[in-house]
Amino acid sequence: MPMERLKTGVEGLDRIVGGIPAGRTMLVTGEAGSGKTIFALQFARRCAEDGLKTVYMASEEEASDLRLQAAAFGWSLEKLEKAGRLEFVELVGKRATETEAVMGIGIQARKGNFGELVKLVPRDTNAFIMDSLGSQTANLTPDEFRDRFDLMIHTLKKRGITTIVVLDSATSHELNDLAMFSVYGALRLFKRENPFTGRRERVMDVVKMRSTMTPIQLLTYEIAGHGLEIVSGPDRSDEKM
Amino acid sequence: MPMERLKTGVEGLDRIVGGIPAGRTMLVTGEAGSGKTIFALQFARRCAEDGLKTVYMASEEEASDLRLQAAAFGWSLEKLEKAGRLEFVELVGKRATETEAVMGIGIQARKGNFGELVKLVPRDTNAFIMDSLGSQTANLTPDEFRDRFDLMIHTLKKRGITTIVVLDSATSHELNDLAMFSVYGALRLFKRENPFTGRRERVMDVVKMRSTMTPIQLLTYEIAGHGLEIVSGPDRSDEKM
Amino acid sequence: MPMERLKTGVEGLDRIVGGIPAGRTMLVTGEAGSGKTIFALQFARRCAEDGLKTVYMASEEEASDLRLQAAAFGWSLEKLEKAGRLEFVELVGKRATETEAVMGIGIQARKGNFGELVKLVPRDTNAFIMDSLGSQTANLTPDEFRDRFDLMIHTLKKRGITTIVVLDSATSHELNDLAMFSVYGALRLFKRENPFTGRRERVMDVVKMRSTMTPIQLLTYEIAGHGLEIVSGPDRSDEKM
Amino acid sequence: MPMERLKTGVEGLDRIVGGIPAGRTMLVTGEAGSGKTIFALQFARRCAEDGLKTVYMASEEEASDLRLQAAAFGWSLEKLEKAGRLEFVELVGKRATETEAVMGIGIQARKGNFGELVKLVPRDTNAFIMDSLGSQTANLTPDEFRDRFDLMIHTLKKRGITTIVVLDSATSHELNDLAMFSVYGALRLFKRENPFTGRRERVMDVVKMRSTMTPIQLLTYEIAGHGLEIVSGPDRSDEKM
Amino acid sequence: MPMERLKTGVEGLDRIVGGIPAGRTMLVTGEAGSGKTIFALQFARRCAEDGLKTVYMASEEEASDLRLQAAAFGWSLEKLEKAGRLEFVELVGKRATETEAVMGIGIQARKGNFGELVKLVPRDTNAFIMDSLGSQTANLTPDEFRDRFDLMIHTLKKRGITTIVVLDSATSHELNDLAMFSVYGALRLFKRENPFTGRRERVMDVVKMRSTMTPIQLLTYEIAGHGLEIVSGPDRSDEKM
Amino acid sequence: MPMERLKTGVEGLDRIVGGIPAGRTMLVTGEAGSGKTIFALQFARRCAEDGLKTVYMASEEEASDLRLQAAAFGWSLEKLEKAGRLEFVELVGKRATETEAVMGIGIQARKGNFGELVKLVPRDTNAFIMDSLGSQTANLTPDEFRDRFDLMIHTLKKRGITTIVVLDSATSHELNDLAMFSVYGALRLFKRENPFTGRRERVMDVVKMRSTMTPIQLLTYEIAGHGLEIVSGPDRSDEKM
């Protein structure tokens, strides 16, 4: 019985890896400006269009800003929201209120509690996007982070929810590495100078994806008119796991 | 409804990205001597000339010195100030007084309180320049910085103020990265040795700008007679987001 | 009397080093996505097929997921399990429960106790796979880790159990180095850009293997249809210890 | 009204940047043996010869040693001292006494107090050289350093004194960066291997200088018979700010 | 009176440096898998065969395992042991017992006490091998390590014992450097990619050896059928100290 | 009145820099095995032969071992000692006793007290060699080190003693840098791979020497039959300060 898979909405990537494993957690990490949020929106839209109940939890931006970004790619999220297939959960206001409270009482009590975040995910959710976890790791030691992150993944898996966790690289390198080991699959997005052409380009590293034939070469992509587009895939001969 | 945009005053940059998103915060970071303050002045002048109520908060320099720098580029800020379209807020004296007080009582009580800074921004401000935030981060842990910086951005967005935050690279790399992830857009200015010519040049990296087609290549610029000038833009084919 | 050896199941590697020394501990370390778990499963299957009582302790994944991964390579583990030659021990649920407990009482009491893990290994075990030790090192100082890791190895050796310990590189570099020195043999799996072809490839470094002729060159491998496959071995002339 | 400028005494540099802005603080930083003290002496001599009341505060060396170094370049400082245009302030003895006291009472009470240093600068001083500040930063955190350094610059500016602060690179990289951002201008002196000739050479980086056209290229200099001499300037086309 | 010397048993090395100074301590450091233990065994065997009373203290391995490794090179240590010329001292069991005790009482009391180790060396010992000191450095600060290591060397020198101390590179870089400065001679073993052939090779750096003409070039060696063998020595012209 | 100078005994170096400034402190720093002690012995012998009262303080080695090393170069130190022109002060035994005491009472009381060392230097000393200061820096913070090191230099200068301080690179990089800034001159000895020939060679960097024309290029040297020998000096045209 082969593993069920979901399309990411990035066509070239779906063709190469066949979509991401259902009911598991994928990590999307990368530099500022690498397109992590666009990837997350593209995935959310695709899931919702494919009829899945999709929840997008945003810690940094308001839903209105995300809708605006989506609109720039010609994606109309409102109709999906109205159809009850896409829901935004905003953490921005909550964080602002907490910060003001913490500054008021002069203590630093907040601790990253991923369990509480997961409780905010509605009961019948199929696909869940957490964008991003980075601002929720406050005051956690690496050991605490590892334990709580693993618990979060474990809980989501038991609920059968396919999850994308976005983690920016401003979060410590150590936490990024820990997260990468715990998840079922991981993508890293970055810019690099092409060693042959001397020009900068956007590349995606499919770091890992269990039970999946993954390309070992980097995939070049562009952020074009309709979202992320893979522009140079691996050779045929590279399609090894 | 496309996003409203403001001109930065750097013509080549405005042509390439179409100006910066209104009502959002942009980060300008970079090395000592990279021209961050000149960029900030150029933006302030352009906003004021475009009829916006513009506030320039200076933590390191006195307004008289900034006027002098502007004058070197042929920019007469005084008439804009008299017209009530440009206002300088100086933090230098305030900081000196605080430092003396802290040294006097022998404790280190000052904590970066970005909220107080925002309260100093007049009610009807359209464009706000904070140059620089670096000297205001005293004694903040990365988690505290992230929370307070995000709160500041959140507050300014609610007030609809287009903001430029200058952050020097003497501020820890970690805080720079955190700031870069929270903002709507970010520019990094630096000097590098051109790998082909072996000569040093000034380059600008448009690290990110949401809802905007950004160049992936570095933009070369000069600090010429009339301010920052982009001298080599990206190819046509690079104008992807 | 030459040392008894076990096949790893990776044919090319077995041909080059003649299998791994029986009754000793081997470390398998490497990056996320390098194939450590596949190597561990391949070894476990081979041991069980060779008639050894094999125990696979999984700290990150559930047995059902591991069976799924094995199935993707055409390995049917269930029949080996039914024959009593392969047994999975899951730590995932145990860890989740512990994490919840620790968060509940608000203390951080858990300490890596490798001794307890070893007690979970059944009496008549011949081959033992610990995948991975990384999540079990919580709160240990390097000195504590070294002592406990050495004690674990010592205990397993006295029981005559051939062991594979998987350690991810998210575990601190320091602990990785310490572990590498204590074990009888160590493999490191990673991806690199081939300096001659400019393409990325998977390579295995046989860092050490006592009493064994080991190749000094890196071994290139692929994760192909039937598991890890060495695709370019060392020259004849390299087969020095 | 263009900014008033002072000659540094390094002819090639004065020709390129037109001298340094009067009444502001310049930082001179660099490696051991890069010629920071020679630069400082050359500037002091030039100021005094130009009729300015010049004060040289030496924290590491005695005035007699500095006179000896100057004499090696054919600079007779004694006549300038006698004319009341150059004055040495020695901190060496003061530091030795303090160190002995601190060791005697077994505590570490000394704190960098730049304010006290500034109080030692006579009332009618025009040019002030602090060589070096490095030994005065004892026990300061980066935040304390930033605050006190900014206060020192602020005070000197209010008194209208043109200042050269020498800071050796043994002072932490972090403090160097902080200082570089606070000052009006900064020079960095170092040795490098010329990438084209493979030979080592001395180079000067005009890191920043506000209100001034600065060369972006490194300036090569030698320590010759009559002090620092620029031997290869930037091309004409480089004379951008 | 030239210094008395002992053969190391590595023929090429003995030919180049003339053996190691008697009554002094040599450090052998290097990466996992570099052959430090083989070097130590080769030296021990040679000393014992040359009629010296030789003691091999093993902190990581049991004597039976070391005999097995030696046998793989055709070295029969048992006859030397029976003749009373070679003795193994095992610390493995001792360490395991200590670790269990420390874990039982929940404290971390063990401190590296090299003095106690030296007391375990029998009275009439001529040659002593400590393999390795790395696991004995628990909880020592660099200053404590330096003091105790120097004391150990001092004591062994007074007793006239020629000593090889093996220190793995998992021990902190700082302790390795400190040890390297205190000893009379030091060898470093590592693998590197030959810059000319692009192939990996084993090399030995004779970092220092007082009163001895040492090669400045790296020595390439192999671990061949009969132990370490130098395969490419320095040119004649390199045989400077 | 030109500065009085002493020959170092390394002929090529003396020819290039004209000897080292009398009554000042020079730092000799470098890697293990770079020849710092040989340089120090060569200098001590030359001073004593030139009729100066010379004191060699040895913290790591006994005088007998140093005499042995000198003898390997054909230097007979005993006659100089008998003539009262060379004296060895051994700190080895003192350090061993202190270490035992500290371990006995279980505290870590020792603090680098350079002042006490200087008191051990006899009244009529002309040249003083401290080999090395590295083992005397125990438990000092960088600030404490800077203060005490400067005080030591200050005291020796007041007594008119020409001093060589040897500092190994196992002492923290930070302390090395601090020392380099405080001294009148500094030499750094190291091994490097010649970028043109691909062979390793010994090189000396005359980092700084006040009041002296110093070569900017590295000087290649060998440790030959009669001590350190400069084998390739700078070109004529490099003899700038």
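Side notes on the structure shown:
We call the chains A, B, C, D, E and F, going by the order they appear; numbering starts again at 1 in every chain.
The rule is short, and it goes like this: a contact is a pair of C-beta atoms (placed from the backbone, for glycine too) under 8 Å apart; a residue touches a chain by one contact, two chains touch by 3 or more.
Everything quoted here is computed from the prediction, not taken from an experiment.
The chains in contact with chain C and with chain E alike: there are none.
Looking at chain D and chain F, no chain is in contact with each of them. When each chain is reduced to the average of its Cα atoms, C sits farthest from chain D.
At the interface between chain B and chain D, two copies of one sequence, fewer than half of the residue numbers in use are shared by both copies. Superposing chain B on chain C by their CA atoms means rotating through 120 degrees, a value rounded to the nearest 5. Chain centres here are Cα means. That of chain A falls 29 Å from that of chain C.
For this pair, chain A with chain E, the centres built from the Cα atoms lie 51 Å apart.
With centres set at the average Cα position, the gap from chain B to chain E is 59 Å. Remark: ring traversal beginning at chain B, heading first to chain D, gives the chain order B, D, F, E, C, A.
Across the complex, chain A meets chain B through its residues 31-33, 35, 37-38, 60, 65, 68-69, 72, 92, 95-96, 98-100, 102-103, 108, 110, 132, 134-135, 138-139, 168-170, 191, 198-202, 222-224. Of all residues in chain C, only 3, 113, 115, 141, 143-144, 146-148, 150-151, 154-155, 174, 177-178, 180-182, 186, 195-196, 206-211, 214, 216-218, 240-241 touch chain E in the complex they form.
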